[in-house]
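Okay, got some structures for you below.
Two complexes follow with subunit A in common, the first pairing it with subunit B and the second with subunit C.
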Partner chain A sequence: MNALQKISEFFMTPAMKIVMILAALLFPFVASNEYQIYVMALAFVWAIAVYGMNIITGLCGQLNLAHGGFFAIGAYTLAILTVDHGWAFWWAFVAAGVSGALLGFLAGVVSLRLKEHYFAIFTLCVGFIIYLLIDKWEELTHGALGIINIPAPSGFGLVDFTETTPFYYLALVFMVLSIWLAARIANSLLGRSFRAIRISDELAASLGINLMRNKVLAFVLSTTYASVAGALYAGMVRFIGPAEADVVHTFDMITFLLVGGIGTLMGPLFGTLAITWLTQSLQFLEEYRMIVFGPLLVVLVIFFPRGVVGTFLTWRGRRLAAAHETAQKESASEKKPSSNKATTPRNQEAGNHA
Partner chain B sequence: MLKINNLTKRFGGLAAVNNVSIEFEANKINAIIGPNGAGKSTFFNLVAGAMAPTEGSIEYQGMDITGMACDRIARLGIARTFQTTSLFDESTVLDNLIVGHRLRTQSRLWDVIINSKRLRDEEKKCRSRAQEVLDFVGLSHIGHRITADISQEEKKRVAFALALATDPELVLLDEPAGGINPEETENLASLIRKMVEHGVTVCLIEHKMDMIMNLADKIMVLDHGEKIAEGTPEQIRSNPVVIEAYLGSDDDAAA
Partner chain C sequence: MQQVLNGLTLGSIYGLVALGLTLVYGILHVPNFAHGALYMVGAYVSYVIMVDVGANYWLAMLGAAAAVALLAVLCERLVFNPLRDAPPIHDKIAAIGIMLFLEALVQMHWGAEFRRMPTPYTGIVEFAGLTMPAQRILIIVGAFSLMAVLHLFLKKTMTGSTIVAMAQNREGAFLVGIDANRVAMMTFAISGVLAAVGATLFAPINLVYPAMGHLLIMKAFVIIILGGMGSIPGAIVGGLIIGFAEAFGGFYISTDYKDIIAFALLVVILSIKPTGLFTKGVR
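And now, the complex of A and B:
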């Protein structure tokens, strides 16, 4: 094994998780200013929504273009309940998740009757309807004025989440929980059902998988993720307007997914962080940033359709398969039973969706 | 095992399948042949529940399954493969097969969240079933490979294995030997025989005549959506109506 392979194997070990969490915990101490912590916390909040999108689009293969709309639904549910109705933050937070799930269920049951492009176009319209409702229904949403003075998450007198660093840790906790649940789903039989649907509806149905039930479940999971992220976002920036429901956010999230690796476990995090920091470091270019992003994205989609993480996993999978075959040949030529034969494929498989 | 009564499927004015009645016996290899556009694939789609018939009924083991949804029919024990084999290219071969046994499991979202014992047991069961069917189709040596890297014939076998992982009693194979060479075709034919020896009933659509004539116990010939003949390979070979349908309408199908 050469050095590159050693490093790549380290990425797949449990130790890597600890290293990443430690790095995230230490980040506020090494950041050169508070703004960097703020940007990182915001990236974590977006990453939660991107993980939701990864469930319906990455695992289940249904391109949902209303995702930004459900992010806004979460943000607005929290804002309306806390500001206009005086709810405590955390109750409103739970209500935001529930409203994302319920509205997601309603939208899902209707829109998932359509397939492929028709589904994508329909959800694009759903997203736009959400935007219009937020913009025009002034009695409920304050219309174009937006909602100000949203309370920060309550720290129960122990922590002050109006400060950037405590909020950073709060966002980190929620993001780690989101990734943990996403991993559970992706590696379970449920995730396998979703992936079968991604291959083809016909194949999945012929394997006895109920298409509608599984698609709606994946959709509801994704909208719940989006609305929870939206609620956290509202508690962080504490002012929201109809622009939160802009379809631009949905396309941003698709970019994060494509760059990181759609359908992979660490792809959404990688893509969100990479693009967020790239955007930050290209601030001086202002609107011309897109001149850098556009070609970058095109090159990535052509040459690395599975994104950075997906490409890495495929490369590693091929290498392990080759190593496995060499080991088989060697053990056959030595005429003695291979001891690692049974364990190698299993290890490889466990890592395949990491 | 499978009893088809007056099955008809119309698309607008065109009857893709027209008034077809036939009975397939358990533990036999049943073949459906016919020129291109004869309605063979539509017939399969009707049996598998991918589309509902316009008229007629389908009885499976004495149960009326007409118009039943695809996934329910799969759970009753009818599996199928498709003309084009679609698999999850990025995963290993073995990994592709695990989902095949999903329909025999009960775990839901809640089991996933709490990682219940039921889920863990069922995942173990699915994994061992995947290994079994992989051994059965003779591919245990490539279970660790990335699916994108295996040959066309191996993909066909993986598709067979996936269908078998559902624990079916009847397997519908849509052109299993399409796009593979004569030697591989012979190997695939032995695999089909092996499936029948293990108690699975097979029903297949195929264009390769020599394969069908050696393999099938019973053949049904479709032409323009209608059944024009049924019988043993010998009966079909000498049937004047069949000969006319092939030579008279579509030469390439006889090749």
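And now, the complex of A and C:
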């Protein structure tokens, strides 16, 4: 084993998780200013939404272009309930998740009857309807003015989430929970059903997987993720406008997902952090970031369709398989053909989703 | 009656844009999300030719058509051709990438502000108690004659027939020796021309700005879903349906929610009939 391989193996061990969580916990102490902590917290919030997108698009293979819309639904539910109806933050937060799930269910039941391109186009339209409704329905959403003075999450008198650092930890907790749940889903029977659907509708149906039920479930999970992230976002930024529902956010999230690695577990986090910091460090890019990201998307889907994490996992899988093969060749003379061969692809598959 | 005219104007523009989309979809099975950006680029090119160079309206239209056709072919060569064997989700993401890139580029160069495109046809035609701005008549006549030319091209010429053949049956087209690359490039070029001409016709009564393609492309998608993806008459009929629905809806219901009508219509129709109105079973 060479050094490179040792490092790559370390990435796969449980110790890596602890290292990452430790690094995240220590980040506010090493950050040079509060703004960096703020950016990181915002990136965590977006990452939660991207994990949602990963469930429907990465695992289940349905390109959902209404994701930004559901993010906005979460943000607006929280804002309307707290500002206009005086709800407590956490009750409104739960309500935001529920409304994301309910509306996601309604949208999913209609849109998932369509396949592939039809589904993508239909969800694009759904996202646009959400945007138009937010923009035009002034009695409910305050229209183009947006909603201001959204309360920060209440800390029950213990912590003050209007401060950046406590909010950072709050976002971190939610993100870790999201990743944990996403991992549980991806490795469960449900996640395997989703992947079967991604590979082929017919294949999945012939295995006895209820297509509609699984797709709607994946869709509802993803919209719930999006609306929870949206609610957190509203509690963090404390001002929202119709621009939150802009389709540009959906495209941003696709970029995050694709850069990190679509369908992988750590991809959404990696992509979100990488692109967020890249945009931050190249300030002039803020407005024109799409000049770089547009071609980046194209280059990625042509040459690295699996993103950074996916490419790494494929590379590692190949190395393992190669190592396995040489080991097998060496022992081939003394052993009968064992079941090793059968386990190789499976190891690879398990690695891909680790 | 005024609403009929409005509906016809909107419908013919929607039809033109949707035709370009549906042609590309029929051949390559790529939902080209970048089509709206091509439309937008077309409007900017003719704006530049007219305002900065000072050329004639028709010359500008010609220039825009050529430029956008070239751009569309470039997209096909550089992006969609390498992706032809990739899973469909990749095409869509790549198309979105192109769209974002073109929009940002235009915005960087010309800024985000709204511009008004001049037109030589500012007169108002009075006919049988109806007032009709000349530009609207130009749009209707221009769009429908272009559709007619396209129809003749597809039906009566050899090159046109290769496009139709490809759309009908890919393998069959290969068997009789049709060059897929050539047909794909040609289709993209035609869709670019349609987008640019549509933009040049429509821009004088609308405004020119980087996001102008957004709403239009979504409506065009609604139209080709209604009309059946890849169906040419479907695109025209669908365009007219949406055009009329918007004109009358805006008049009788509310102008605020005018833009939502197309999408609401889509939701209703797809909830009842998930394959679109005019599809013939095959998807």
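One rule holds in what follows: the second predicted complex is superposed on the first by the 324 of 354 C-alpha atoms of A that agree within 3 Å, B and C clash if a C-alpha of one lies under 4 Å from a C-alpha of the other, contacts with A are read in each partner's own complex, and residues count from 1 in each chain.
In this text, contacts are C-beta pairs under 8 Å (C-beta built on N, C-alpha and C of every residue); 3 or more make two chains touch, one makes a residue touch a chain.
Computed from a prediction, not measured in an experiment: that's the story for all the values here.
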- Kindly classify A:Leu124 by the partners it touches after superposition: subunit B alone (first), subunit C alone (second), both, or neither? second
Check whether A:Ile209 is in contact with subunit B, with subunit C, with both or with neither, and answer first, second, both or neither.
-> first
Should A:Ser193 be classified as contacting the first partner (subunit B), the second (subunit C), both, or neither?
first
Q: Would you check which partner chain A:Leu297 touches, where first means subunit B only, second means subunit C only, and both and neither mean what they say?
A: second
For A:Ile185, decide between first (touching subunit B), second (touching subunit C), both and neither.
first
Worksheet item: In the superposed arrangement, which partner chain does A:Thr314 touch: subunit B (first), subunit C (second), both, or neither?
Response: first
(message) Which partner chains sit in contact with A:Ile147 here, subunit B, subunit C, both or neither? Use first/second/both/neither.
(response) neither
Subunit A positions within both the subunit B interface and the subunit C interface are none
Interface with subunit B, subunit A side, in the complex: residues 181, 184-185, 188-193, 195-196, 198-200, 202-203, 205-211, 217, 221, 263, 306, 310, 313-314, 317-318, 320-321, 324, 328, 344-345, 348-349, 352-353
The answer for subunit B against subunit A in the complex is residues 48-50, 69-72, 74-75, 79-80, 82, 86-88, 90-92, 94-95, 98-100, 102-103, 105, 107-109, 111-113, 115, 119, 122-123, 126, 141, 143-146, 149, 162-163, 166
The subunit A residues in contact with subunit C across the complex are 57, 61, 63, 110, 113-118, 120-122, 124-126, 128-129, 132-133, 136, 247, 251, 254, 258, 287-291, 293-298, 301-302, 305
The residues of subunit C that touch subunit A in their complex are 25, 29, 31, 33, 78-79, 82-83, 86-90, 92-94, 96-105, 107-108, 214-215, 218, 221-222, 225, 229, 256-257, 259-260, 263-264, 266-267, 270-271, 274, 283
